[in-house]
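Each of the next two complexes has chain A plus one more chain, namely chain B in the first and chain C in the second.
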Partner chain A sequence: MCTLSRQRKGSIHELVQMILRERFCHQRLPEKPVGMESQHKHLLELLRRTAVHGESNSVLIVGPRGSGKTMLLNCVLRELLEVKDVNKNVLPVHLNGLLQTDDRIALKEITRQLNLENVVGDKVFGSFAENLAFLLEALKKGDRSSSRPVLFILDEFDLFAHHKNQTLLYNLLDVSQSAQAPVAVIGLTCRLDVLELLEKRVKSRFSHRQIHLLSSLSFIQYLDNVRSQLSLPQDFPDTKFYDEWNDSIKTLCEDQLVVDVLQSHYNSSKDFRSLQLLLMLALSRVSASKPAIKPTDLLEASRVCMVDSKANILHGLSILELCLIIAMKHLNDIYEGEPFNFQMVHNEFKKFLQRKSHSIHNFDKPVVIKAFEHLQQLELIKSMDSSTAKIQKEYQLMKLLLDHSQIMEALQKYPQCPTDVKQWAMSAFG
Partner chain B sequence: MAAQLQHLGYEDEKLQRVMERLPCRDVQASMLLALMGEQCSYPSIFIYGHRATGKSHVIHTLLKELELPYATVSCVECVSVGLLFEQVLLSLFGSDSASLLSRSPSLSDFVRVYKQLCVQASAKQTRYIVLDRAELLRDMEANLLPAFLRLQELVEDNVTVILLSEIVWDKFRPNTGCFEPLLLHFPDYSKGELQQILSEDSHPSYSPELYSAFINILLGVFYSVCRDLRELRHLAALHFSKFVEPLEQGKESDTHKLWRNIEPHLKKAMQTVYLREVSSVQWEQQLQMEEKEAGVVRGLSAHAHVELPYYSKFLLIAAYLASYNPARTDKRFFLKHHGKIKKTNFLKKHEKTSNHLLGPKPFPLDRLLAIFYSVVDSRVAPTASVFCQISSLVTLQLLNQVGHDDQLDAPKYKCAVSLDFILTISRCVYPMLYCPLVTDWNHCQTPASAAL
Partner chain C sequence: MVRYFTRLRVRRIYKWGGRPYIFDRKLKSYGFDVEGQEAVTTVTPGQYILIEGNDDEYPFVAKLLKLFGDESHKQKKALVQWFLRLSEVPQNKKLLLGRSPHPQEIFYYLGRACDDEINAESILGTVHVQHVPEDTPFPEPGTKDTLYVKLSWDTKAFNVLDPVLMQDTSASTPPKPAESIHSASKLSASKILSAKRRGSAADTPGVRKKLQLSIGASECLYLRIRNYRAAAMKRRPIVRKRPIVRKRPIVRKRPWRGRPEEEIARPPSGPHTKRPARRYVWLWNLLDNTQELISDGDDDCFVPSKKELQSSSNEEKTDSEEETDSEEETVVKKTRGRNCKTSVRTPHKTPSKKVTPSTPRCATPCIPSRTVPARQPGNILEEARARLHVSSVPESLPCREQEFQDIYNFVESKVMDGTGGCMYISGVPGTGKTATIHEVIRCLQHASDMDEIPTFRFIEINGMKMTDPHQAYVQILQKLTDQKVTADHAAALLEKRFSNPAPKKETTVLLVDELDLLWTRKQNVMYNLFDWPTRRHARLVVLTIANTMDLPERIMINRVASRLGLTRMSFQPYSFKQLQQIITSRLNKVKAFEEDALQLVSRKVAALSGDARRCLDICRRATEICEHSASHPSSAGLVKMSHVMEALDEMFSSSYITAIRCASLQEQLFLRAVIAEFRRLGLEEATFQQVFVQHRTLSRVEGLQPISLSEGLAVCQRLGACRLLLLEASRLDMLQRVRLNVSQDDVLYALKPVRD
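Now for the complex of A and B:
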């Protein structure tokens, strides 16, 4: 009997994890995207005009990373494809600037996705010029009434603008302006200045229609979003667990500790993706034996998100390396941030050893050089000039990539730091 | 901890076995397991931490023992991206999948082939791709890192990419941003944890307490310099036989006496084996020969065994003096009757910065020869053999030529050796007049010139 209930508990818990993880990790589309109703309407209207009425259009969806551009587009497409006629007719072509780094590759991909006649299986025949001519030919033969509308979706649109001559962009936008087969060119990009990247002839063929996704959620809407993201959907099989879980989420979102954590996250970034990261970390602490999210889980998750990684790295340095960093800090203070070389750092370190130190052994120069090189490998210090030839490594100028406050904080947390080292760090002029 | 992981559907014995193989890494391993979950996980996870903190070890143990489908690639081995793609496809989909890729595949080809193979073999469980030494991905093509971070979205499959690196995530982020991975930190081992892990490789014929005492001594000498577990294990393996030698010979059994025996060897090891001046084979031979002949361990970079011709030594000393003493002091050092040198205002302000801190300055050939003639103790004719020794010094990289190769009539050089090397050389040529060098920063004077 108890094994049965444990099994049942286990499988319910698995289901909860699966549902929530699909939301946070696999970016499962919500029912309605939050906070972008007007943009949703605008885009849907535009695409409907292309799909149903055969009008050619071009639009750019612009918004910072994680603000929901792909989510918006996929929601609109989902709604569009529910219409019966549209589903059979429309040809979507998905291109991504990260994958199709060249116009040649992009053209082959378009030909493959549209399944034109020069594709056999997977291989596309012909040179770049032939493919381009063939594609334009195929698109030109159509007209509003008889040919199928094509939706060109260009992810990372700004990367396409870096291709040679912007050939692909020019041709696609040209087709969208002239009376040929109805096409819609939809670009998604994170750069607000994307239009500056386009050449004049390309920019003039673009309709200058931009949909901006600058997240305008208020904090109350943000909290509501958190609650709906964490709640289970209506069709969950076990109603008792469903009620329990949703109630616990409701009380969680009213807890002051949680509100403070979410406020600090909201103040640093309002986008959906960082929220999903936070909720994913909190979710990973939920288990069958602890089937609810507690405020401490969110606090811990927030702490993991906001930690300074360089401080973590500083924690693991050896004492010799730490002394070298303090010597560099003193050099930066005295010479106001001018670059230094190994000899100067070693000199400062030796001055400390002679005058103030009781606990640090006087290491040989090669051992100190090895510690210095380790710091270089960790990229805590960086060489000023890239040409490393013809300057001995002890005399190469470097700069320290750490802040004064980071070093002092790291010293506080350093395990078993000798007191003379700490005092040396805090003294004004070494 | 085990109770927390019970829900993940793995058997208790398997989890127990896994945890035994990961000493002092329970927290990180359980966090990873919780994140990896059963069906799906976040698209990319970035794990960072110092060297030898167990990042690859933990991941590989978890993936292997729990029999999850994974592909692991070390970015050091992938000189071209094609190698990376091939290895991933081979591990995830079997040996005939890599043949579907063309000769020099682009990322677009890789994604297309992956999608095709996915259709044939869809994943119920998450597939993992582990990229070790991920900092090298930044130097490959610019689109590779952002694409791998969102691979799940691009191939529409249940795959998670795990990046392992020593360097923090802030240095990876591309200019226009990318998909931010989940960051996980593997903290360094504390001294107690290092002691615990190192004591695990105890020798079978000695007691664990003896080995722990030995590890304690080793950590006492090396801990302030190096916390890298791999280096410490290497040093422990090299020195343990020397440590127990008195025990075997039946002379001593007190730990304190054993410590006194081994300590000078450990100190010597810090100068040689730790710096990789001497290979471990040479070191072991040296330790065996110790009692018969006290020889100096010849290191890789010990210039003591570089033999230069007689005049080359003087040329090098002259070059060092020319590089590190400013030209206005030449008159004072090298002429018999010199006047006083007045310090200008500029000099008074910049007195603190010594040439020894800033590095060698370039000097013209004429100055080098002038100093050379005054340093050499016999009359030397300016023959071609002297000049070609200068060129050989440049080839040996003991001198650096500054400026363009075309300047034939007034070439400039810089001295590229350190004070210790010059000291060693001057010991050979000035055996009577050798005295320990003390550099006085205010006057930029080296007593080698004062000894003349």
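Now for the complex of A and C:
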């Protein structure tokens, strides 16, 4: 009996994990995009007109990373494809500036996705020039009323603007401005100055429609969003657990500690993706023995999210390496951020050994060099001159990529740090 | 279709045969009734002939009406009645046919634009043309080498051909001489093939020489044998399929190429061997693999039936094969498979070639058609939107009357005179350059349909629509002749086309859009484009378009700029009145806008760029806003000022300020820190490290928990991704330099607390 119920509980928690993880990680589309109703309507209308009336259009969706550009577009496409007339009538073509890095690849991909007649299986035949001519010919043959509308979705639109002569953009936008097959060119980008990247002819052919996704989300809405993100859907099988879980989420969101954590996240960024990462980390602590998310879970997750990566690296250094870092810090103080070389650091370190050190004995120079190189590999210090080959290793100019506060914080947390090292670090000048 | 076989040089010899008689007219010209071509093909008036043209694979077809020469016997002329292949019909008129053409179909030409007097030395050979009555179907495609004529073409429409036009030949045919035994009707399949092959191997007329039979036999022979060998290999697959009747065992151990003189001495049959001329003829027979043996003189009463001809020619072929490569047999066998594929001539545009999965290069480019037809505009606003779309072709093109007239006059005069010329047109984007030229061409085409000016061809290329400047040649050639070849080859073919005189040439009007993209280091593409029109026989008018007025001076080297000439025109940006007129004429009485709203749009656009596309797009957006703002789509009224204002705002206002307002607190703080650091340094640039110190201080002042360095970097990167900040490469970490992409005032304005 007991094991049975535990198993049931376990499976319920697996179910919860599954539902919520899918929401956080697989970018499941929400029922309705939040806080972007007007943009949603605008885009839907635009694409609907392309699909139903065969009107060619071009539009840019601009917004910071994680502001929901792709989500909005996917929601609109989902909604569009639910319309009966549209369903079989549009040909979406998805391109990504990070994948299609030049026009040759992009053209092949377009041809493949459109499944034109020069595609056999998964291969596209013909040279670059032939492909371009073929595609343009195909689009030219179409007309507004009889051929299927093509939706060109260009993710990372700004990268397409770096292609040679912007041939692809010119041609797509030219088709959208002439009486050929109906197309809709939808660009997604996070660059606000994307229009300045376009060449003047290309720019003239672009319709200058921009949909900006700049969330003016208030903190209250942010909290609401967190709650709805964590809540279980209505069709959850176990109603009792559903109620319990949703109640616990509600109380969680009212907890002062949680509100503080979320506030600091909200202050840092309104990006949904980072929020989902935070919630994901909190969610992963839920198990059969811990049936709900506790405020401390969220706090811990936030600490993981916000942790300073370099301070973490510092914790793993040896005492010698730490000493070198402190020596560099002093050099930075003395010479006001001017670059230093190994010899200077070594001298500084030797001075410390002679005058103040009790716990640390002398190291051989090769050992110190090794430690120094290790720091360089960790990119805690960075060589200033580009041509490394010519100068001897000891005299290469370096800069420290650490802030004072980071060093001090790391020293505080460093396990069993010798007191004289700590004092040396805190003293004003070496 | 790309073809790469090497051009084989063939020399043809033209000689008059028969008795010359003097014209009725007082002219001192002689008429000759027979002309010998290649010593064996005999062409008589009334026969259908192939004439060397631009397309080697498809020579021109005509009926020979008369042959005559001038007093000095230097020039041999011919009077012909032209026939057209469908590929010679202008692209836009092909649809008039209303059905798919038969691959072997030709049309009786009734137009007047073509010169019907040709140089007799461009005749390649004879061909069989058969008249098919209007309502009977075309014969089975089995007889591939006969051309069929059903309709006539008078440069405007296809008409049913009056059968009388086709019949009158037999009546007026003069008495044939002995040699004319194989008239057109008796030509075997292989004969035409060989004629075609010879056509394909035809040299430029400049190289061709008249040769007397007696001279340079060995020299010619060498060439011909090579030619023959190539031909034999090409045709082998056909031969192999048929049963071979060998009548005469052949014992030859050497291939021909080596010792032509010796081989000549061996005739196929005894009586014909003695005269060198005969020998020569016999050789030609072998080369052509036809039945021409019989035309050799004595046994001219023997007229073989088609079947016999076939077998005899087969025999010839096999024989000659044996002769040529008895030693090389094995080698050839190895390569045979490939040879079959590459060299068997398949005519393009035959239906059998279309769309098989393994031959993607013949795929037809098209977008699948939709299942439900597009919906027509429902209300006034939708109607207005459809009319305002840049793609919709307006009934008339207002505001460019002067430019239109200038271009029209230019092109018209060139077409009328049959000369060539260049014109350079510049103007900022969206000022109607391409649209005006298209309008001009439309008008001219109408005029040529009305028979006011000679017919011409219009082709268009766009520098942006090709991957490489040299593709321009390929595209021009493809649009002119439907051939697909490589860039180098296309350049050579175009060069030949535009520099040589050719019969039946109409003016070509070439529009080169986005000229600056055709720039290469050597500028040879531009050079050729501007050089061709200056050739005497080119009849080419080149209209070029680019954005900058001083393009010729800036990027062209002297010899290119000089050829471009000084015929230039520049399109000024539209004034607000013109823009208003454009919108009004597009709307054409569809009442959707308030007058003031239109004026606002046009004034705003005229002040900014004068780009008509922009103007139309804004109007279109305004109609959408109007529709959305109304409670019910059908109740939406006219587009008002407010709607237009909103549309203008959307399109022209910069989004930086909104973006800063919508940024998170830390991001805003970072921007303030950037400005604070700039002020402190007195520079417009600072490293992240410096800014971060400021940021930390500021957050203490604001009473916020200072963020860690990693998080600060993330904030900085986010601002950089939006391009509110300009950043160096992120691997520099905290040493990367930061600059603002917005003015400091804008940032401060945006960060001011909004009172509401």
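Convention: the second predicted complex is superposed on the first by the 430 of 430 C-alpha atoms of A that agree within 3 Å, B and C clash if a C-alpha of one lies under 4 Å from a C-alpha of the other, contacts with A are read in each partner's own complex, and residues count from 1 in each chain.
Definition applied: contacts are C-beta pairs under 8 Å (C-beta built on N, C-alpha and C of every residue); 3 or more make two chains touch, one makes a residue touch a chain.
Because the structure is predicted, anything quoted here is derived from the model rather than measured.
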Exercise for review: Give one of first, second, both or neither to describe whether A:309 is in contact with chain B, with chain C, with both, or with none.
Suggested key: both
Review point. Once the shared chain is lined up, is A:190 touching chain B (first), chain C (second), both, or neither of them?
Key: both
Review point. In the superposed arrangement, does chain B or chain C reach more residues of chain A?
Key: C
Review point. Regarding the shared-chain residue A:358, is it in contact with chain B (first), chain C (second), both, or neither?
Key: neither
Review point. Just chain B (first), just chain C (second), both, or neither: which does A:170 touch?
Key: second
Review point. Does the superposition put A:415 against chain B (first), chain C (second), both, or neither?
Key: first
Exercise for review: Figure out whether A:288 sits in contact with chain B (first) or chain C (second), or with both, or with neither.
Suggested key: first
Review point. Between chain B (first) and chain C (second), which, if any, makes contact with A:240: first, second, both or neither?
Key: neither
Exercise for review: Name the contact category of A:100: first (chain B only), second (chain C only), both, or neither.
Suggested key: first
**Study point:** First (chain B), second (chain C), both or neither touched by A:65
**Key:** both
Check your understanding: Can you pull the chain A residues that chain B and chain C both touch?
Key -> 64-65, 190-191, 307, 309-310, 379
Exercise for review: Would you pull the chain A residues touching chain C in the complex into a rising list?
Suggested key: 41-42, 45, 52-56, 62, 64-65, 85, 88-89, 91, 103-104, 114, 116-120, 125-126, 128-130, 132-139, 141-142, 144-150, 165, 167, 170-171, 174, 176-182, 190-193, 200-201, 203-205, 207-210, 212, 214-216, 264, 266-271, 306-311, 337, 379, 382, 399, 401, 403, 405-406
Review point. Taking the complex as given, what residues does chain B use to touch chain A?
Key: 3-7, 9, 31, 34-35, 37-43, 48-50, 53, 106-108, 111-112, 116, 141, 143, 146-147, 152-154, 158, 166-171, 176-180, 182-183, 185, 187-188, 190-191, 223-227, 270-271, 274-275, 277, 301, 356-360, 400, 402, 414, 416, 418
Study note, to complete from the structure: In their shared complex, chain A is touched by residues of chain C numbered 355, 357-358, 360-361, 363-377, 382, 385-386, 389-393, 428-430, 464-468, 471, 474-475, 514, 517, 547, 611, 613-614, 617-618, 620-621, 624, 628, 650-651, 655-656, 658-659, 661-667, 689, 692, 696, 704-705, 707-711, 714-715, 718, 721-724, 732-735, 741
Revision key, fill the gap. The answer for chain A against chain B in the complex is residues 10, 13-14, 17-18, 21-22, 24-27, 64-66, 70, 96-102, 105, 109, 122, 158-159, 190-191, 273-274, 277, 280-281, 284-285, 287-290, 304-305, 307, 309-310, 312-313, 315-320, 341, 343-344, 347, 360-361, 363-364, 366-367, 370-371, 377-379, 390-392, 394-395, 415-416
